[in-house]
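Take this structure first; my questions come after.
Read from first to last, the chains carry the letters A, B and C; within each, the first residue is number 1.
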Amino acid sequence: MIRELTIRTPGQGLHEITHDIRAVVREAGAREGLCTLFVRHTSASLTIQENADPSARRDLERWLNRLVPENDPLYTHTAEGPDDMPSHIKAILTATSLGIPILNGDLALGTWQGIYLWEHRRASHHRRIVVHIA
Amino acid sequence: MIRELTIRTPGQGLHEITHDIRAVVREAGAREGLCTLFVRHTSASLTIQENADPSARRDLERWLNRLVPENDPLYTHTAEGPDDMPSHIKAILTATSLGIPILNGDLALGTWQGIYLWEHRRASHHRRIVVHIA
Amino acid sequence: MIRELTIRTPGQGLHEITHDIRAVVREAGAREGLCTLFVRHTSASLTIQENADPSARRDLERWLNRLVPENDPLYTHTAEGPDDMPSHIKAILTATSLGIPILNGDLALGTWQGIYLWEHRRASHHRRIVVHIA
């Protein structure tokens, strides 16, 4: 089964989508299988991270923003603004696709794992994620 | 087929699990297919790296430890110790899931490729990996 | 279906392989499914990036070359030359495998997404990629 989700991100940062993906898994009705996520953009990405303490996600964002700052004189690809090139770099350092097994009718996530859509642009965007379940 | 493996890591570093995954592939008996690995933690990750010269793995560890040092004043998520936040960052920079095709009844790894569970915490941990074969 | 492709890279940099992968998807004839790519090397990797403006790819290469320079005194794994250890590091920061859903008989790539084989060695190489379609 394949579903395409459109997620509106509120702007730069880690946006949890565990609930949205879980709904697709339930709809598919699979007891056991594989759920593959794919984000159809090059300035947003996917990651699995701690879903408990928000300070971990905040530190992740700040750390990555420091590693890949805006207005780096190295960038020549600047037509779409100062957050354009950093977005592409952050996307290649994280994930465009994720494979998550399905066990007992649910995603086989660990206790502290959540699925996040990482918006790398400053502005809110509509992001399309393809969910494949087999 | 799905199997959950529990691997005891001896502490921080790259811990080879090729043999463990290969055993699951043999048990499944598939001649051709796809083996997906998923680690159920946010402070350990997966990577495929050179299995020959141990100096390559040692340099990888030292390089990543320098890029993501402990006690960085940026961190606010420090409740679990100085190796907590670096572990989360290292996890997002490497892989939480891997898809490896199966060819002729074996993992389609290149000659120099090994599968590694990367423990990012200093202490030994029991880590759970879900292996999906289809 | 599984196919192994051998791609000759012209040297260090992002080398587009979207066309090669699309040809395998067409040969498989699947209307809907999952295409998994796996590169059988530890000094080359896979990434999905912007296929429009070449300046984005050039900046990605320059940025990664600056983050992981040659001749870093940290390296001890230097037997194969100054581009050996940086290649392994760049490989772990990007992807060894990618899962791309198939929709309407084609890869479900976004409008601006291309699939790239990232050659991390300076010299031209023959790189093997396994394509699994199910």
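The rule we apply is simple: contacts are C-beta pairs under 8 Å (C-beta built on N, C-alpha and C of every residue); 3 or more make two chains touch, one makes a residue touch a chain.
This is a predicted model, so every value here is computed, not measured.
Undergrad: What rotation angle takes the CA atoms of chain A onto those of chain C? Round to the nearest 5 degrees.
TA: C-alpha superposition angle, chain A on chain C: 120 degrees.
Undergrad: Looking at where chain A touches chain B, is over half of the residue numbers used by both copies, so same, or under half, so different?
TA: different
Undergrad: Based only on mean CA positions, could you tell me how far chain A sits from chain B in angstrom?
TA: Measuring from centre to centre gives 20 Å for this pair.
Undergrad: Chain B: which residues touch two or more other chains?
TA: In chain B, 67, 93, 95, 98-99, 134 touch at least two other chains.
Undergrad: Would you mind writing out the residues of chain C in touch with chain A in their complex?
TA: Where chain C meets chain A, its residues are 32-34, 47-50, 53, 55-56, 58-60, 62-63, 66-67, 93-95, 98-101, 103, 108-110, 112-113, 134.
Undergrad: How about chain B: which of its residues touch chain A in the complex?
TA: Against chain A, chain B makes touches at 2, 4, 36, 38, 40-42, 67-68, 72, 74-77, 79, 85, 88-89, 91-93, 95-99, 128, 130-132, 134.
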